[in-house]
Every structure is written in C-alpha cells, then in structure tokens.
Amino acid sequence: MMATRPNLVRDVAIAAVALIILLLLPYVWPSKMVNDLIIRVSAFALFATSLNLLVGYTGMVSFGHGMFFGFGAYAFGLSMQRLGVSIPMAFLITVVSSALLGLVVGAISIRLKDIYFSFITLAFQMLLYSTVIAWVPLTGGDQGLMGGIPRPPFLGIDLSIEAHRYAFAVTIMVIGLLILRQIVESPFGYTLRMIRDNSERATFLGINVFRAKLTAFVIAGVFGAIGGMVMALFVSGAYPEFVNWTMSGEGIFMIMLGGLSTFVGPAAGALILSLLNDVITRGTEHHGLFLGAVILLFALGLRKGVTDFVADWFRLRREASSRSGS
Amino acid sequence: MNLAALTDCLTSASCLVTQTTSGLIIGMLLFLVAAGLTLIFGVLKVVNFTHGSFYMLGAYLALTVNGLTDSYFLAVLAAAAGVGLFALVFERFFMSKVYGSNVLMQLLVCYAFILILDDAVKIIWGPEFKSMGMATVFQKPPLFIAGGIVPVFYLFLIIVTLILSLVLWLIITRTKFGTVVRAAAVNPSMVSALGINTGLVYSGVFVLGGMLAGLAGGLAAPVRSLTAGMGFSILIESFIVTVIGGMGSIAGALLGSIMIGLVRSFGSIGFPLFVEGLMFLLMAIILILKPSGLLGKEG
Amino acid sequence: MARKRVDLDRRTVLKGAAAGAAATIFAPNIVAAQSKVVRIGMPTILSGRVAQLGTSSRNAVQMEVEKINAAGGLAGRQIEMVIRDSKGQPQEAARVSRELVNSDGCEILLDAEASSGSFAVQEVAKDLGVLVMHTNSETSSLTADPKIRIPLAFRSCRQGIHDAVASGAYAAEIAKAKKLNRWGTCSPDYAYGRDNTQLFVEYLKHFYPQAEVTTEAWPKLFQPDYTEVITRVLQSKPQALYSALWGGDLTSWVDQANIYALFSQMEVFAINMADYTALTAVKNLPKGIHSATRYIKTYPATKANAEWGDAYRARFKEYPTNWSWENWVGINFIAEAAKKANSADGKKIAEAMRGLKIDCPFGTDGTVTMRADDQTVIGYAIGWGTTIPQEPYVPEVKGATWDTILQLEAEWKKRNNYT
Amino acid sequence: MLEVKGLFKSFGGVAAISDVNIDFPTGSLTAIIGPNGAGKSTFFNLISGGLTPDAGSVTFNGTNLVGRSRAQIIDAGIGRAFQVARIFPTLTVEESLLGAVTAHRRRAQNITHRFPLPEMRDRMLEVADMLGLTEKLGVTSANLSHGDQKLLDIALALVLDPKVLLLDEPTAGMGPDERWRMIERVHELWECEKLTLIFIEHDMDIVFKIAPKISVLCYGRLLAEGTPDQIRTNPAVIEAYLGTSHEEAAV
Amino acid sequence: MSTSPIVRVAGLDVFYGKSQILFDVGLELKQGQTLALLGRNGAGKSATMKAIAGVAPPRRGTVEVAGTNVAGRPPHVIARTGIGFVPEDRQIFPEHTVEENLEIGAKKGPNGQDEWSLKRVFEVFPLLEPLRYRMGGRLSGGEQQMLAIARTLMGNPVVLLLDEPSEGLAPIVVARIGELLKTLRKTGATTLIAEQNMHFCLGVADDAVVIDKGAIVYRDTISGLKANEEVRRRYLAM
C-alpha cells in the first residue's frame, strides 16, 4: 500500500480556495477589527511557519528567529524611507538582505549543537536588538522608525488603502505558505526530516547535513523577514519589540499551541495566540498572569497542539473505518 | 573606540585597582546566579529560564524582610530561604512534570512562570520601582587603595561571594550530596540503582540553585532598583556566562563571570559604546573556537 | 488588602474580557456617534516595568473626567474613557488604537504612550483621521517636524527642546559660578537619552562656552549594574556630570554611585531626579543633586498646584508623576476646546484648540497655551533646584524663562528646517 | 578488493585497534567475530569513515579511503548497516528509502519538485523487494518490528549501490526464527548482488554455517583468520571465548 | 540456610520498544545461594537482571523481594529492599575517585545492616586501597569490575546481582574476580550471576539456570550442568 502524498495541484487548489475566502471575507463580514486581526495573523503565520521549518521539520530549536522578523520589518521600512524605492524593490531588498543575514548567522550557529545552537541564535538576536536600540540615527532607537513608512502605489495597488493592504497581506501569506508547503514536501523537505530524525545516519547516506541545515536556516530567515515586512506595512513602522526575545518566545508558543506536526499548525497557533492576546489585554492589565496560566494549562495539561488533536482524530477515524471495512 | 584611554588605564595603578574591583563585583554577583543555572542544567539537563525571576524574587523578599526587621543580613538569609522554598514548589509541582519531554515544553513552563511572577510581583509589591537602601553598616566612605576607589560594600560583596563560591565548591566536591549530584549529572540511572532517589537529588539541586539566585538577589538589593522584569537582563547575562564557561560546569561559570566582569569594566574604558556588543562578541568567538564552551564537555 | 483587590479585579476582568470579546466579534459596528456618550480611547502602558507611568496617567484622567462630566461633558455629551494596555509595545499601541476607534467607537484618542508608542499612534490617527492628543511623548520631532506633524494631532506635555534650553541655562549659571569647565555625561543609550544629552550639551555650551565634555558614558536602557559606568566616570574626574537617566535606572545608578562617593567628587545634574517616584524610592538620597522639576508640589509654588497634588495623593495613596499632570493638561484642553467649539466633533475641537489658552495649575503663570503653528503646549512650569533627602525634596526651584526658551526654540527649528 | 593494512586506533591512550591487516577479496563473504570489546565495531567505523584511524590504510580497488569524507567513502562503494538499527523513526519505510535514493542521486537539496521524484521509485521498490519490506512500505519506521527495523537499516545502505557492505550484527536482538530469516536474506543478497560482504556476528551457529572465511578480533588485534574448521579448533580462539582451563582447574 | 526464597521472579515479560526480549522468565534465589544465569550473548541475561533491578522494568510479571512485589517500582526503591545491582558495563562514575564511587553506594541495608565500610571493603578488596584517590575512569577493566562490586556492597545488599562480571577482562583478571566471588560466597552472600562463561561460574555458583532466546530452558546444579554435554553444546558453546 502506498501512502497518498499531497500533490502540488491539490495544495494550489486549497490555497486558491483559502485565498478567495479570505478576500471575500471583508464583504461578508465587514469588520475592521477582523481585517486588522487577519493582517497581523498573516504576518505571524509566515513567521511561525518559517520557524517551524527549523524547529519542527529540521529539529533545530532556534531561540532567535525573532531576529529575522524584526530585521525584515526594518529592512523593508528603511528601504522605503531612506532609499525611496518602490514596494516591490523594497521587498526584493528585504528578501536578499535577510538571506545574507541568515547565511552569516547560520554559518556560525549551525556548527553548534542542541542548546548551544539555541543560545547562540538568541545571542545574535539580542545583539541585533542592542544595535537597533543604540543606532538611533538609522533605526530611531527605541522609538522605532518614525514618521511612517511611505506606501506609494504600484501595479495599481495602493497600500495606503485599507482594503488593498488587507488583500496584499493575505495574498502574500497564502503564497508564502504555499511556497513553504512546496519546500517541506520537496525532496529537500524530506532531507530535513531525515536530519531531524537521525542526522548521524543522514551523513552515512551521503547527505551534507551542514549545507542542508544552512539552506533551511536561510529559507526560514527569508520567510520570517517577509512576515516582518507584512507587519511593518500594517503598523507603518518597525519597532525594537519585533527584534526582542519575546518575539521568538511567542513564535515558539505559536508553534506549540498550534501543533508542530502538521503544516498548518503554526499558522493556527498564530491565530489562536493573537486572539488570546487581544482578549486578555482587553480584559486585564495582568495579562502576564492570565497568559502564563493559559500556557501552563497547555504545557502541563494538553501537551499537544490544537491541530495535533484534529490530526489524531482524523487518523483514529480513518483507522476505525479501515478496520471495519476489512 | 578609545584605545589610548585603555592603555592609560592599564598602566595606571589607580585605574587598574578601580576597574579590576568593579569587574570582580560585576562578575561575582553574576556568578551566583549563573552557578545555579549551570548546576541545574548540568544535573537535570533542563534550562531554567525562570532563574532570573528567582533572582527578582530574592530581591523583593529581601526588601520586605529588610523593611520588617531593618536587618540586611536577615533579609539576605530570608531571600535565600524563601527562594529555595519557592524553587522546591516550582520543581516538584511544575518542572518535574516536563522532565524528559520536549525541550520546548520546558521552555514554555518557564516562560509561563516568567510572565506570572512578573505580574505577581506587581500585584504584591506594586508597579512602581523600589529601592531597598543601604544598611547603615555600609554607609561608609569608599576605601582608596593605590589611588583606586573601592567601596566598602563591594569589598564585602566580593568577599561574601568568594566565600559562597568556596562553600559551593566544598558542597559539590566534599560532601556526599555533592558527590551524588555530580554522579547524577553523569549517570542518573546508576545512581538510582544504588538506592538513591534521583527525584530528591533533582529537587535538592533546584533548591540549591534557587537559593543561590535568591541570595544574589538579596545581596544586590541595596544597589539595584527593584522592579517587575528585573530578572530578565540578569538571565541573559547568566546565559552568556554559562555558555562561555560551558553549560553544566560550575568552574566554567566562575571563569565566564569573571571574564564578563572584566570585559565590562575595562571595555567601558576602551570601547564605551560597545560594551554590550563586546560581551556577545566574546561569546560568539569562544563558541566558534570551542563549540561547547571553555570548560564544557564535548557533546 | 492587596489580595482582596486582586480578587475583585479578576472577577471584573473576566466579565469584561468575555463581554469585550463578544462585543467586538459579534457586533463590530458600534455606531457611537449617535449615542449620548462620547468615547475617548486611551492607549497607555499598564503593564511591564514602567506600568506606574500608565496607571498614574489613568488616575489623573479619571479625576478630571469626573469633573468635566459633572460640568456637562463635551458639549453636553458625557465622556466615557476606554483605557487599554499597550504593554509599552509600539505595535500593540498601534493595534489597540485602531481597535479603540474601529470597534469600540472611540472618537478621540488620548495617547498616553511613551515616545515609541506615540509615533505608532500618530500613524493610526493619520490613517483613521481621528483627533489625537499626545500626552506624554517628549520627542520634539513629533510635532515640530512638519513631515511628521498632522493637523489632528496635538501634544500636551513637555518637549525635549524646551527642557534642553532650560537645563542649559541653569547649568551654565552654576558652571559660571563654580568654574565647572570639565563635564561628563552619563545617559541611557537610546533615542531619548541621546537626544536629550546632545541638546543639553549644545545649550550648556551656548550659555557657557568654556564648558567641554571630557567623558561620555552610555549605559543600556534598564541596565541592572552601572558599576563599570560609574568607575569610568570617576576615572576621568570631571567637575560636573549630566545624566538623563530616569526611573528605576536613575535610582539604582544613584545607589551605586553613592557607595563610590561620586556625589562628593563632582556636581551632578540629573534632569529626571525631581520626580516623586525617584525621590521617594531612593532611600539614601544624596543632598545637592541638581534636577529639573518633573512634577513637584513646590513648583509652581501656588495653592492650585499644591491642592491638586494633595488631592491626587489622598485619592490614590501615591504621588502623582510627570505623566499625571501632562494628562491633566491633555484632557482639559479637549474639554475646553469642546466648550469653545460647542461640539464634540474631533475636527471642530481641533480647530478650537489651536492657540487656545487655558487655566492650569502647572503653568508658569497659571495658564498654558496650545501653540497654533505646531500644536504643542507651551508655558508650562520648568525649573531646576537641588535635592534634600526628605520632603519637600526640592525646596527651592528656580523657574526657567519662557522667552529665552521660545527664542532659542525658533532658532533650533530653523536649523533643522522645521519651518 | 578491500585491503586493510597496519590499522591503529586508540581512545584516550587505550588501543582499540592495533596493527590489524585483513584483505577482503571482491565478492567474498567474511564474518568478524570476537568477544565483547574486541574492537569489531571500531573496525567497521574505521573502514566506513565513522572514525579516522591513527595510522594505517584502508584501500579499496587501489584508492586509499583514509581521510575521505563519509560521502566520498559512500560514493566509492562502501555501505554499512548498524548494530542498533539507525533509522528515521517518524518516516515510513517508503519515505526513508526514497530519501536515501534521493540523497544518493544528489537531489537532496531539490526544492522545485515534489517528493518523491518518480525516477527514484524503481530502486526503492527493488531494494524493498530484495529485503522483503514491500508489505511494510507504508509503515512508520518507529512502529516496525525489531527485525524489520534491522532490515530497513540494511536496505538504507543497499539503496546506495554499495560494492562492499558492512553489517554490524545483523541478527542482534532477534528471536531464533527471525534470526535465521535474516541471515538467509543476507546470504541471498550476497549471492544475487555480487557484493563483498563483511559482517560481525555473535551467533556461532550462524557464523560457522554461512561464512566461508572468519576473522577473529581480540583486544583490538587480529587473533586468527581462516575457515570455520580452522577457527573452531584454534586454541587461542577457544581460550579467548571459553576462558582458560586453569580456572576450571582452580576449582 | 533458610528454604523460603529471598527473591522470587515469576512470569517476566520484557519488551524493548515493540520487540519482546523476555518470555515468562522465572527464577528463585534462596538465602546464601549463588545462582548462575547462563546464556549466550543476547540470550536475555542482562534484560533479566535489569528487570529485577528495576532499571528496565518488565511489562508483565512479578519480582518478589522478601515477599513484597517490587516489579515496576523505581530502581532506588528496589535497591532499598536489598537488591544490589552490578551492571554489565560496570558504570563506574569516571570522574569520581574510587573512594567517592564507594561513598555513593554507601547506605544501610533494608533491616539496618551496616556491615560494609570503606575499611571492610579495602580488607576484602585489598587491590582497591592504593587506588582510593584515583579517578574511576582511569582504572583498568578488572579494577573497575572490583570497584563496581565493592560499590554495590557498600549499600549492604541482601542479594547481589552481578551482570557478566568476567566480560571483557583478561583471563588473569577474570581469575582474580573469581577468587573474590568465592570469598564473598563464604561470607554467606546471596548472589545471582549472569554469565556466558560457564567455566567462570564453576567454582563460584551452586546452581545454574540457562536462558536462551529470552526464555529459561534449563535448571540444575552447576555440576549437573557441567556434566550435561548436550545442554552446554546447544546453549552455551560456539
């Protein structure tokens, strides 16, 4: 019996349907708050899914992925503010520069194992954070990029209009997730899984583990940066908080909350955490207490991501039906 | 960058004395926190991200006890004892439930406690920052040694932390508890097969680590502003120290702390705008040259 | 007692959260304009390490809104404050502000954020076209820079450039008298610390050209241990030291500098010292630190000021902060302008506010003015004095002269192409 | 022909392998035996690039493999399986084998296509069939029986088209029937694929039954070499395995 | 010699992951008895030992020590009932001195027995005394084996489980370990020895059980086993 594997056509179809639904949503449910939420979730979904390429698919627990989210926001914002380029050009600059950052940080960090890898990524993130705070003339320091990010129209898209911004963000997210999906379902994606499962054995199959990990690190960095870029467009600025360690912490929580064994888990986690955050901050200033309690409940009680439960349920149902069928 | 100032300092006795003692004081307080962190990691293979919060709790407990008894020494003792107790509860009822599971689960439990403790501190002690004040014993003019300035309180702190380091070293190397702890770090299942309850050893290690952090918080309280979230920067610095020294190595933590202390104190003369960066740079270089830290075991 | 309050909080919080979630998700289109109340959204910092600033802002606003509502509200409509926590994170400030307008139906924003948040709120106000009163951002460019300034945004708080001129003038006078030529600085390494210190040095030299800065130390924001910074300053033996450290950073710096006897070795000018949060927190406050006033009951030495300070303290069991009076000014400007325009409409209030002068306990002459051309407040009390370790902490305050401030501010604007 | 000459390896001053010289002619089947700790696994590691020898050479068809990377040694045609099956627990048998073929054909970094590439299938099916894993293709590796995990481990080495195959205790931890099934497969493999096969084995029944040539390692040294009959009667081997007779005498 | 067994093992089924290693293993040990558990490599000797000691708990079956079932309890609880386990690979703490290794093992027996001290250990194992401050990792294989046994004795066990004490040791050292076990036997120790080397057990054990492919296949006195050429050839010889 061959396991059926998701093919590209099916994934594209699902993505197209999802995109159409998201694009129609504002007409069905015209709530600005829902729009805002979905834009933010789009940014976080790219961020969390790219982090899961490292954590879930490759087994590299990065504590510093927030570095790319923040870097993307700043690279994009600065290109728009300082260079005055078009949005597609700034997008390109963001992608290329974050890939370079990923290459340098990755080449150094990947040499380290386990917890040392985690810490050195965190250290690089904190170094970038310190730089952003201290390099006031360039970054605006703690105040972030001031004065807003210009949003000149391109190709008939005007991102200063809310509806355009919404459509742009969800389109970028859906395309980004589709590309990440392609990557994890490609031969390379399976190389990463093999490295995660048993990297020693992988080397005995002739796999260049360093090269594969570095490639994954760069790809994850680029998509993390694109997430940051979407966020920068939304808030019309870039802030040091994007580069702070808490960003990485939230990314990891999103993954865990949504489930790291399914592809859409991290995106689902991004949605849940954003909702949770909004509801909690709305109701209390002691949100640390509440969020902490929720996390504890999750870590000590559920111990699995939300989509893991769904996946388990499907599997059990399938097994039950195949059992009764045979 | 100001290399001239740095060479001037290195050739001047007064500057050397002042900067070396200031480096030592930074390093030794850091060591107390980092030692517990590295000890817990070495034995339990768990990264205790709440360690900074333990430090914060120690400082606040000291504040309260100092206010009640007006005795700095009682305050410090209470900080150590209180945080030790808290560490016990934390380990028994929360952390021990996620031993052996995903590292990320352990991280989440700690993350939750960082959030909860910060809020709890604000609820109990109020949102405004607090200052404990210097005990009258130490309200003395600083000493001048070879032209260098050495505050009496810091001299006291350096001596106390040195004694504590010595005591810690004796506990780890000379007592049965220490012997068992070192053995449990290497081979817990054999230790268990010899009739020792490793669960209790783990609790003991957590309590010891917590007490050290609490002690550090209490000791430093007179010269720190107390505020929710004060544990985080100390946590990051402790990570740097333990990673430089090698995770799990107490001697490494001592080495790393003193290095960081000296880098800060002399770095502030030579590279005043890049002190923070210097620490990260040092860490990156050491990890590149020796991926498991200076005294860490090759994993 | 504290515990009891928590319980109460929790219950109301849970109810509030549930209701809030339900309201926002199932009934997103609240059309507030037709309702009798006018909602003012207030994003501020209620959690994190500077939460006290936010809570003290909220307190001041609450006190004033009660009075304003008792007197008829905004053109007959009662004010309802919707106060939200941004955790001090700019992106959260942006989100919360959008939400306040878009789904809570707030028509006006009272932005009680630190500078970083203010710029984010400014962007939201620009996008959504609502009236915003920045009550706490001291960064000059927020209103001074025409590229950033927007017609519906006002500022009701002190401003960096005003502070710098006042500080420079005061410090120069002391320097002249005591021949303080070698200066050091020690300020936090981020935008406020850098801007503030750079401008101070500029105006110190303007008033006293003999002054030169021989050493600079830039500790990180929220750095716990200042030992290396302190010894570095001591090594270079300046005659005077300027610091823009604030809050908990300032108090731990003072505690740590104290044991090195730094205060007996040089004149120290710490601009943020004379703030009750810092003054009361430091247990061994050294005598004779020069500081600018943030909020202090002794300046302006008027009955109105002292009464307000006492009322605040009696009600909230704590001292008001610098942010408290700034929010007082913000909400009162809105109320007065609404009265003048006889409307609660944002655009009409904005129109009425430009150039408006109101009575104020915190004004140098009992009034403050919303300057029309850049929509920022002037005429508020700025002064410098020296500390003593107990109440009233800063007994004698020397007030700054606004004429000098305004003249030098104009030159500064010209230099920066802000006109 | 695979030639090992003057091989040395020590750990912390203790010699694990010292001065071992063995030739493995092309197409031969050799069993390596020896008591625990004799250095058998170390010997395999030295040949397959898992460890670098301190001295000596490993020459395969004229090229020295010492100092080559693992990938180069694999490309040269040396494959190995492990004592404790080293597999990819969360992947299915099919995915594991396809992944190995993909890596071997240098497509491990490909991101433009879907996994698996169609041209990888044949080799995967061929090897699965050879080792009797065809029925188990869809099973997640962690859920395989112990014996099937060992087979998968061998299959992972086999898809890389090795000329020399090193098997480290292929029957370790197996039940009696499983054990014989495994060894039959191994033997079949050797016959059909014209491999040079070297295997470490503890079960003497198996060794004497199928191995035409046996090498005995003891304390890191080559103690004896020869046919089953020569080994069975070699006094040094008997002593190494059964202990000296003087113990018995001492009773 | 009492007749009721101190240790009674019955119906042990042990699994490693999905594969079953032990099938219904049972054995009994009486006070003062030395029992040899013989079998070839991989026959299930270690699994049996580990299951009794609780290091690798059985899925099914009972391990009764002095009448109490301890199967599935944590190792330290089982150790405190008087089971002293010396593992196959000795597991000396390499960065602890000989003395420290002994110290870690030191505890009172289940009935408060306190017969073993450093002094007594060094009397019984005179070779260890001069090595007392040497790191465990720097001992030879034979020295490590002696230390491993001594360390377990420090815990005053009622029953000693020795897993392949002769493994990987030079013949002369094996002989020395054998002598040592004989000495211990004279002191009335109750011991279970897992071995593949029957000759080693001849002077040491009273009785023998043979395990093969995870099941007990033969029980007899050690001399009975020695006489049984068929069993030896089938289950033990090459």
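Here the chain labels run A, B, C, D and E in written order, and each chain numbers its own residues starting at 1.
FYI, contacts are C-beta pairs under 8 Å (C-beta built on N, C-alpha and C of every residue); 3 or more make two chains touch, one makes a residue touch a chain.
These numbers come from a predicted model, not from an experiment.
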Please identify each chain that touches subunit A as well as subunit C. B
More contacts between chains, D-E or A-D: A-D
Using each chain's Cα centroid, which is most distant from the centroid of subunit D? C
Rounded to a whole Å, what is the gap between the Cα centroids of subunit B and subunit C? 35
Subunit A to subunit E, mean C-alpha position gap in Å, rounds to 55
Between subunit A and subunit B, centroid-to-centroid distance (C-alpha), Å: 34
Inter-centroid spacing, subunit E versus subunit B (mean Cα positions, whole Å): 44
At least two other chains touched by the same residue of subunit A: list those residues. 130, 134, 286-288
Give me the residues of subunit C that touch two or more other chains. 47, 51, 189, 218, 220
Chain pairs in touch? A-B, A-C, A-D, B-C, B-E, D-E
Which positions of subunit A touch subunit D when the two form their complex? 1-3, 5, 7-8, 182-183, 185-191, 193-194, 196-198, 200-208, 211-212, 215
Residues of subunit B touching subunit E in their complex? 176, 179-180, 182-183, 186-187, 189-198
Going by the contact rule set out above, which residues of subunit D touch subunit A in the complex? 48, 50, 70-71, 74-75, 80, 82, 86-92, 94-96, 98-100, 102-104, 107-117, 137-138, 156-157, 160
In the complex, the residues of subunit E that touch subunit B are 53-55, 74-76, 79-80, 85, 87, 91, 93-96, 100, 103-107, 151-152, 155
Where on subunit E does subunit D make contact in their complex? 16-21, 40-42, 166-168, 170-171, 174-175, 178, 197-200, 202-203, 213-214, 237-238
